[in-house]
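Below, chain A partners chain B and then partners chain C, in two separate complexes.
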Partner chain A sequence: MSMAGSALATQPQPQSQPAPTATPGRMSRLRRALAERRTRYGLLNAAPVVVYLLILFVYPIFSTLLLSLKGEEGGWTLHWYADAFQGANLEILLTTLRISAETSLLSLVIGFLLANAVTRLKPLWAGLVMLVVIVPHFISALVRTYGWIILLGEHGVVNNVLTDLHIPGAPFQLLYNEIGVVIGTTSVMLPYTVLLLYAVMRAVDRRLLAAAASMGAGRITIFRRVYLPLVAPGLVNAGVLCFILCLGYYLTPALMGGPKQTMVASLIDDQVMKQNQWNGASALGIILLLLTFAGLLLLRLLKSAGEAYRKRGTAS
Partner chain B sequence: MIGLRPTLAGRVCLAAFATLILLFLALPIVVIVVTSFGNDAFGSFPPHSWTLGWYKQLFADGSKWPAALALSALVAALTTVFSLILGVTAATALVRSELPLRTAVYGLVLAPLVIPQVVIALGLFLLFEPASMLGSPIAIALGHTVLASPIAVMILMATLKGIDERLEDAAASMGAGRLTVARRITFPLAMPGLVAAAVFSFITSFDEFFVSQFLSSVDTVTLPVQVFNVLQYDVDPSVTAVSALLIAVAVVALALVGVVRRLGGSGRQDGLLPTETTVGLPAGNET
Partner chain C sequence: MPELDVKAPKITRPPDAGTGKPLSVTGLRKTYGGVTAVDEVSMEIAAGEFVTFLGSSGSGKTTTLMMIAGFCEPDSGSIVVGGRDVTRLAPQKRGLGFVFQQYLLFPHMTVWDNVAFPLQLRGTPKAELRRRVGETLEMAGLSGMTRRRPRELSGGQQQRVALCRALVYRPPVILMDEPLGALDKKLRDQLQTEIKRIQRELGLTVIYVTHDQEEALVLSDRIAVMRDGRIDQFDSPRELFEVPRTPFVADFLGAANFLTGSVEERTSEHTRVRLDTGGLLTARPLANADADGGRVRAAVQPGRIGLCPADTGFCTGTVETVTYVGTLVRVTVRPVGGADTDVVRLELPAGRAPAPGEHVGLTAEFTDVSVFPDPEDAGVHPDAEHRG
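Let's look at the complex of A and B:
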């Protein structure tokens, strides 16, 4: 390893003042040599992660795609995709979309209210609240789901409290149905939405709101005309990401749902582990992947549309 | 709304509401820790009497938990080593060099965070099954590294960006070689980031379920898979104690990251934890 030369190469820009002895030609050659060295250094360092992910991430997904298109007796077929969109499988697909939509909507609403509350707290309190949001995120989702199972049981804490408060109809059935799944999944997704929204809300210039108020706008008008448009990109971003993450989610629906809350990920697991039906599972996986790409594409399009809109706004 | 005079009623509402949401986040965790010390494992909350029995049962003869714990620890340690190697090189390439197709490389590195885990797990299953590597700790660790390395790369990129490049240049201009610069300047400054990357890689693997589920065999089962199986099929009250242990591991790990940042960081970033980079949010605006 050559020492001084390559260390020099990490300098961002060669000196603007050429040394008096160096001719311009020599200088540019030196500059090019440095740039090449920097590029070589980058390629060398990028190689491990790129090779690793190509072998263990891209190639496996590619082989899943191939398997989903292979017929049972060789040849190519779309038969597995046709299966996925039929009968019970279609129902599971629709359930997945429904539960993901319910969960992302709920996490978005709760996340919005909490993130908004945090922006109004004093820094110390805001830090503590964010700690309570973040720490659970790093605790296994499996464990938190188990916590909800204990809490929501027929004689669990939640039902006991509701019964003591004489809420009519208590105790409720909160487990092994959709309520349980949505509660459990929302608590897993909430840290994402809170963090995404908090970042956007903290960046809102409060003087804009004060300016609107000084010109006589009421609270609701300020919220609707000033605040909401400012945080809207964050809301869309958080909602779509939450939806994408829910689509492939497995643990909570599998443990807290009933037969009517089976999600695609459970179906894939079942087909691989119990029915040895790899082709069908691959097709379902590819469908999930395409839905994810669609969501990411939507985000990209909305972002560029928003930027174009803003640019037109400043130009006029 | 913000920046206006808050009314008293508004404040009370806000506080009550925020408390409720925080309870929503914290209660499932608290309930497990408390129940794990209670005498009636699935029974009432709070428990009537206290015991350490469930913890003792974990290590009783014939218990399946020690083997699962050992496997999880081994896999997590391997994953940490793999993703630190990938993370340091990738972050160096992305932050400290000219890289052709930089955006594409960065996108590839972050992709495992948004691709559904079931798709990754299924792909890895199809890769390792024909090689009859199912149940091998190496295979599980290789799989976990796909999920852990993006997080390590993001943390280390943030760390490298926070280190003043001129310090390295200054050392180099005074005759220090590249290795000396790395050892004497970059490494000490990057220490908190390296610890954070290692810790988050470790917990990612230690808590990972889906990839382990697909890559494990009958005799080799990681801790989360074992917990899941117990919750779904058997009844084993000691699962509460295992869950409490998993919580303890995560909390200790986070505390470690917090302490190292406090000691090692020169107050550049505030906050107790590096939030945005470690939660694994795909930073879409980053190029």
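Let's look at the complex of A and C:
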């Protein structure tokens, strides 16, 4: 806040209003800034947000962090973190990463195809399709997940159709394994990817593609050299967001997965509800948070790598 | 505006001149839901010729261009470029160049990459690609900014890059859709000169679309004046100006004065018209030979009318306004016996300006006067009224 104050204080002061010069430098600048009407109103406006964030965001995170570092007999320890990276717990972490990656990839692919199709529709139809994509999001994830369970069960609609079509191997095991988890989670993530990709694709000037065609570029070249680079930032954003959301996702994997598809969120649930083990759960929570940060870092790295690549491409 | 726009370096050597190919369009037609946008347009364009489609919006000029480019398919007719029928080919198979009004540079590529793109598509060897991109950019005065992105350039620079991108692969015909429409007047003039210079030096065949008469006159070898999906007249600027075939052309290019009257005498050399204001005006023979010598409209450009003593000449009137425009004076004269709305506009050398209120006679050489039959539908475009 002192930063904000001093930034505002650089405004010239009227001569007639002598500033308190008792302590020169930073302090006097701050006091002068606080005396200004703009600063006072600014602080007043910022206060509710600051209080809100402190109570509901900063405090819980710090107490979780403290909890994850506390030993069972008091004192500080990294024991809980070591635990999380051992044996079954480590496997669950890796499973979480794997399922998140698979889900992100699938929802990116489906989201790309869907968003791309929607951008080609007339505005009215595009609006309708987007509604169909988004409205399920307003329905409880629990209801949707049970819907999937009914659809994908051994005698569910999907398997019945496949059996009637005499697809070899049908009925398939589509539930309580990784396929089930990925299908269910993808359907939950799809609205995010579609919305993000649709926004980026809408912003692409279609006439650029016509321009490329006029120069002799075929469909595939236009897609690869013009369209894809223009929507790439959206793909990266959507992929990373989807990945981050999957990392902490609980409901669908818990209901549609088998024992091998236990994800970190389920493990936390297990530790708190069954073992009353808050410290271990806190450590897992902090690990998820760090993974999320890692995801965001990856996003930035990818962006700067893309910039560097383009710069290199120019130096011909 | 960055100073880099101001002057382009002189070209050292034309990379390869005379690359333009002839183009012929026959019976081109396009309707949109019952509305005919382009109606039986036919034209022959020679190699190295600069042709402009001139017309107001809705005249079919852009639709014709889009059909030549391949962005929209004609209902009937054919397009032949350099002996090859391209009527049903996709745009990317025609090999033409296109410069858009909105530049449409690839935002994710640098200036260099934008210009290199069409050559990369053609698998041009690296050394040659480098030479040609470099030469083309140099010709357009862009050598210093090859590594910039389009968004870092001014509008004029962006359009130069777009021009380079269309030139670099030496397309047989370059199509331009109001390429200077988004630029301010000064920049437009400067780029016109540059486009014309490059077109001459490289012998390019260019088809240019604009609604700006002045631009068309400055740039073109020939102008196709379009109206309601048809070509009214396809001639050199001089012929369009001096021998307009329709009242629309007379008005659209020269902002002609129109005087109504009846034919009094027709010979093979001239037509005498008894004007409604009473005077007798001698004009060129009626354009349409079998038109009955009844009601006609005579068209005279403001610059081709002179002053003479009152009660001589084809018309007498009172000077209403005198406006100095540099070396010229714009004068309006209200003819005696004319309707309230009829004034005759003149452009005189500044030294010969009459005084407002003065009684003057008007005179014109008969070779400067065109006559057209006067069915009211001979349609002067409504836009014509707004021009100064």
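Note that in this section the second predicted complex is superposed on the first by the 254 of 316 C-alpha atoms of A that agree within 3 Å, B and C clash if a C-alpha of one lies under 4 Å from a C-alpha of the other, contacts with A are read in each partner's own complex, and residues count from 1 in each chain.
Rule of thumb we're sticking to: contacts are C-beta pairs under 8 Å (C-beta built on N, C-alpha and C of every residue); 3 or more make two chains touch, one makes a residue touch a chain.
Fair warning: this is a prediction, and the values are worked out from it, not measured in the lab.
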item	value
Contacts of A:148 with chain B and chain C, given as first, second, both or neither	first
A:274 touches, of chain B and chain C: first, second, both or neither?	neither
Partner chain(s) touched by A:229 [first = chain B, second = chain C, both, neither]	second
Which superposed partner A:196 touches (first chain B, second chain C, both, neither)	first
Touched partner set for A:131, first chain B, second chain C, both or neither	first
First, second, both or neither for A:122, with chain B first and chain C second	neither
First (chain B), second (chain C), both or neither touched by A:213	both
Contacts of A:221 with chain B and chain C, given as first, second, both or neither	second
Chain A: partner with more touched residues, chain B or chain C	B
Chain B and chain C footprints on chain A, overlapping residues	207, 210, 213
Complex interface listing, chain A residues touching chain C	205, 207-208, 210-218, 221, 225-226, 229-230, 310, 313-316
Chain B-touching residues of chain A, taken from the complex the two chains share	1, 3-4, 6-8, 10-12, 35, 38-39, 41-50, 52-53, 56-61, 63-64, 67, 110, 113-114, 116-120, 127, 129-151, 153, 155-157, 160, 187, 190-192, 195-196, 199, 204, 206-207, 209-210, 213, 219, 222-223, 227, 237, 241, 244-245, 247-248, 250-251, 254-255, 264-265, 268-269, 272, 278, 281-282, 285-286, 288-289, 292, 296, 299, 303
Touching residues (chain side chain C, partner chain A) in the complex	69-71, 90-93, 95-98, 100, 102, 104, 106-108, 110, 112-113, 116-118, 121-122, 130, 146-147, 165-166, 169
Chain A contact footprint on chain B (complex, rising order)	1-4, 6, 14, 17-18, 21-22, 24-32, 35, 42-45, 85-87, 89-90, 92-94, 96-100, 105, 108-109, 111-112, 114-120, 122-127, 142-143, 145-146, 149, 153, 165, 168-169, 172, 175-181, 200, 203, 207, 209-210, 213-214, 224, 227-228, 231-232, 239-240, 243, 246-247, 250-251, 253-254, 271-273, 275-276, 279, 281-282, 284
